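Presented sequentially are two complexes of chain A, the first with chain B as partner and the second with chain C.
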Partner chain A sequence: MSDVPFRNPGWAGNTGEFDLTEEQVRGDDFIGQRPLHGGHSSVSGTMPYMLVERNPQAGLFEGEYQERLEKILTRYPKKRAALLPVLGMVQELRGYVSPESMDRVAELLDLSPAYVRGVTTFYTMYNKRPVGRHLVQVCTNISCNLCGADEVLAAFLRYTDIELGATSEDGDFTVIEAECLAACGFPTCVQINSRYFENVTPADVPKIIEHLRAQVAGSD
Partner chain B sequence: MAYPYVSDLEVRVISKYFGDPGQRRIDTYVERGGYKGLQKALGLEPDAVTEEVKASGLRGRGGAGFPTGVKWSFMPKESIRPHYLLCNADESEPGTFKDRELMRWDPHQLIEGCLIGAYAIRAQHIYIYCRGEFFEVNQILARAVEDAYAKGYAGEDILGTGTTIDITVHQGAGAYICGEETGLMRSLEGERGEPRVKPPFPAAVGVFGMPSTINNVETLAAVPHIILNGGEWYRQWGTEKSPGTKLFCVSGHVQKPGNYELPLGFPLIDLIEHVCGGIRDGNELKAVIPGGSSVPLINAEDSSICTLDYEGCVEVGTMLGCASVIVMDHKADIVKQVRRMVDFYAHESCGQCTQCREGSAWTARILRRIEEGQGTEEDLDTLMEMTQQMVGTTICVLSDSVAAPVQSSIKKFKDDYLALIRGGERVGAA
Partner chain C sequence: MAELVTLTIDGQEVAVPRGTTILEAAKQIGKQVPHYCYHPGMSSPAMCRLCLVEVEGAPNSMPSCVTAVMEDQVVHTESKQALENRRGVLEFYLVNHPLDCPICDMSGECDLQDYVHAEGRDRGRSDEPKRVFGRDDFGGDVLFYGDRCVMCTRCVRFMNEVEQDQRLTVVERGNRSVIDTFFEEGLEGTHWHGNIVDICPVGALVSKEFLHKARAWDLERTSSICPSCSQGCNIELHTRDNLIQRIKPRENLEVNGWWMCDFGRHNHEWVNRGGQLEDPLVRGPDGVIGAAGWRDALGDLLQHVRGVGGARVKAVATPFASNENLGTLAELVDALGGGDMVYRSVRAEDEIVLKGFPTLARRKDLAPNTSGAELIGFTRVGDDQAAGGLENIATYDGIIIIMGDELSDQEANFGKEAALFVYMGDQQSPAAENAHFVLPVSTFAEEEGSFTNVAGRVQCFSPALKASGMARPAWMILGALAAELNKGDAPRSAADAFSSLASRVEAFAGITYGDLGTRGVVVNETYVLSEN
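Up next is the complex of A and B:
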């Protein structure tokens, strides 16, 4: 994360006057890599990640993930409350929540498959179908829109050469429009997987895409 | 100074360490006087803590402005049932970006506030319902909570006082409606985040059927300072009815957008001109939304007399909401922006109430038609009448939030609509 080659570690307004480093803003050294097993047993509901490489066939709730699941269950007085974190875990591993995964979760939490489907489809963050390695979500709501979000979205579509909502042939990118991402003072805000890119202008887009492509190449 | 922009006019109480990554570390936080408020609170009776917050006049910062101490006092005093404190960190009102900054720069301040609140309402468990998109913030909070456990500020027998309070950071999954308190509770229980009718209020029947209190991140972040320095101290800022400081999230067409902590009652025009450096490119001010997309727009004339406190905003026909000031200059296309906001509500409506589910989508379609030059003057009457039917007739206020920008923009910027309808020049480009 610290090797991002462009200006704009975020939130510096239009002029970019600002003297913190990327590491300081993102706090990579502070966050570190949170443990996949979910950390302290009474603490966090879920340790969310959005991984670049996911496997639709990955086994669910095995090894460290099994440990995390058990911790999650202790944090709520009712089993059903674990549904959202568990669905998040499925998506982390498999990249999307398939009907089969939903059935598996229903079985695990003693819920009906229809109920789990109803909840999964209610929330926008659960992908109901596979998406690219990089899910690009461009905020086009009012504050970003006033500052040119439509052009940023168009630039992403142009440089990835795909249509809105579609996935590129190489499986690297899916570009979608997002609702307000709560970074309105730093427009345009673009969420790519789990990271926010702020103050993005159309001119930044090719550099961002190049950077993401390099990440995919590096992981092979 | 680093953090995006600072102004001499600011009073930085809760935003003092924005831009300082060291503040995330528990040792630094404690060195700078952190967790002293918690220590002091644990030495008092829970009701004395509530009284102190009442004395400060602190009002809920999530939008409704309900007095926090009063809310806490609704919780049962003698109860064998478990109580819960919920922290609403599902920040997603368009224009608002304060809670994310509070959590990523100063997570321990929020945790300390949560612990004090939980002690005051006799809760044993805190859930911080953090917006799902905030992966980074979730990780920062999780790390901070673990550190608090390790140092004995959370968990069993806090600081040797015998008080036990657990904290869970719960990640949402992307639904604006989960910022509504009953929607949040249902989402936390593993359901769809559909709001329910009140009463019963959360203090009687809350999450998991138990007495619960829900507070916004910014409200809870102010609590440690109030406990440490006293309620009277907090009243040195702000107005009689709206005491204290507030974070103003300024976005849109200003030179220096960002978060500014100012005393309540600050004049809106000074915020734009002196704190934010004026309108971009020397343009003229056209419209302001002072409280996030759910409140009515005001024009330049009203903006010049508006003061930013709960009462001052009502006087000019709008609301302070969560103080998310969206500024538009004379090049802004009001119709397009209103349509974009209504699109948002149509997308986020949970679909329980007909007025909201159908009304928001229908409103968006009419606005789109006007935007594309296919509208008629009767459409404006239809919009006014239809949105009027969406006010106060549904379970929650999402439906009312559609009416606010539509009605206010038709009243105050009718020329923009008429220009599109009559096929003249469009008023703005962006």
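Up next is the complex of A and C:
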């Protein structure tokens, strides 16, 4: 088991459901690139919390992504139903869904751009603006709030030295509030990119940030 | 007829076809259940929560706009439960509403204002600051006031289901949700978006053209027929200060449903323009034209007609004239010994079909009564810009009668050779310089009459404005002349003129003016409505 620099007792043990050990889930093994051929949501635990470097100018639906798109389209009776995963793919590539991306997706799926905008803005998990390499989402909903989420949020803002919702100058961090992350048993829950950090206290925050900075440095 | 279901609403028994909603059934007994999101011409999302009614035996209040009636159902629309629900829902609607009724165009015809006044609380209990969206220009004729919006999404559904050009959407969610287009895309280029202003139950979507122009309670509302194309949409003319302030569609499921196109809606400045003819003008023996009273003008004209004697008539009418006017002109031409009757009209290249209501379209014929003119015996001449085609009339030496056609493409020497040249219109025309008589007639907005639409439906309209000066309906003037020549009775009303038309023209036989009612009568089903 790798040396995780912060307390995270939220691991529920190997349920046998997936072929994953605690080390695999917590360790660095899964930090890296998401398999480009897609994957079932039930393996979201295997998703990296360090996204690959995103390029807002990346071409959409080219090469491997074109293949993934075609695969997604086969899953649904209507093109329109593929909207959510396709938007997800856009975000994975570019880091956020820009108006131009919405227009492109609308064209691709034979939808009106206005409809795509409506759907994109309805779901808070699509970023409508560029975000940092680490998108820190602190749950401030009721359970977390009762256990001190506000202090955790304040600590993240203090140690990253940015305003709520803003991105740090080096492009490493964006800190936002999130509504319930469905981890009420382990407050405060913080989602950083695709991975959950549970039972976070203000004291954990510097260690987490240090760890994340190391990730960025390591990727250079 | 579908099977009938009998139920009780507020103690009254009512029988309606199976599948009818409670809301529609309540309408049958005159009960209007308050609602925002429901509109009979579109799908019902049941999201405004205002039309909830108490249904005995049901565990909760039911949304009456989507709940189908059931046999022996007992419904209460005004019970304590229903009233409390509405009071509660309305209080929530006002949490973020700016209450800017004094400067809101919808004030006086606003559903939120009406319902809160009737059933709402006298004051809200929310202490929170109101969220502010401000306004947004949607392009076209539409301005959006986000703070007034009640999120019924009627406009979104209209663009989606009826116009079928999904330009509008709900952006964001929860209390941040707001109606918007795709960033700067706007509604430009759509042809029916004026309807979203009509169906907006509050003042969130307002017309730029009508913005701050008049208060709803100052407007006179007159039933009329849209003169901008041959579809014959049923409309209301909203007038103040003897001017048309705006045009709204009037429901007629067999013609236009609840809708009308933007072209017709905004095409009314030609009625409002100044400089109308006010007095009959008569050319004296000295060749100078001067104003006269009707008695003198018609007396002179009659004398002149008798003096000319025997010459065939060439008559040019406008298809903006009513059946009555055209019919009376035809009668006069007959009385004068017959002649040629022509009309000119503007034709557009395409029909603009409302996809969600395909029997409604902005027709190619941009005049309301070309069908009537054809039935009465007028022939179309000239090109699609309503120009040309009068070459043999311009230099004709017999009797020329112009009714309504402004001859804007004609030279000043038009009718110079004519033995008798009568020009009837609401505006002076440069080409009428040689007219012996210039007679002021009223426009469709100033008189009573009927138009025959593209499908042969004869529909009547009422006078909304006072004609300028001594202008009179053309049927009154022509009818008086024809009566003198025929030794008959002059028509005293549009109904008289219509019955004389019915007795002379086969297509209109057997119909009286009273039969037209508010829905019209179909006289000639020769035109098949295009499905595009």
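Just so we're on the same page, the second predicted complex is superposed on the first by the 180 of 220 C-alpha atoms of A that agree within 3 Å, B and C clash if a C-alpha of one lies under 4 Å from a C-alpha of the other, contacts with A are read in each partner's own complex, and residues count from 1 in each chain.
Convention: a contact is a pair of C-beta atoms (placed from the backbone, for glycine too) under 8 Å apart; a residue touches a chain by one contact, two chains touch by 3 or more.
The structure presented is a predicted model; accordingly, all values stated were derived computationally and were not measured.
By the touch criterion stated above, A:D103 is placed in contact with chain C alone, chain B being left untouched.
Taking chain A as the reference chain, the count of touched residues is higher for B when chain B and chain C are set side by side. With both structures placed on the common chain, the touch criterion links A:G118 to chain B and to chain C. Residue overlap on chain A between the chain B contacts of one complex and the chain C contacts of the other covers 118, 122, 124. Contact residues on chain C toward chain A in their complex (touch as defined above): 165-173, 180-183, 185. Listed in rising order, the residues of chain A touching chain B in the complex are 11-15, 18-20, 24-27, 30-32, 34, 39-40, 42-50, 75-78, 80-85, 87-88, 109, 118-119, 122-126, 140-143, 145-148, 179-187, 191, 194-196. Chain B contributes residues 2, 4-5, 19, 21, 24-25, 82, 91-97, 99-100, 104, 127, 131-136, 138-143, 145-146, 149, 155, 166-176, 187-193, 208, 249-253, 255-259, 280, 289, 293, 324, 326, 328, 332, 336-337, 340-341, 344, 347-348, 350, 430 to its touches with chain A in the complex. Only residues 99, 102-103, 111-118, 121-122, 124 of chain A touch chain C when the two sit together in their complex.
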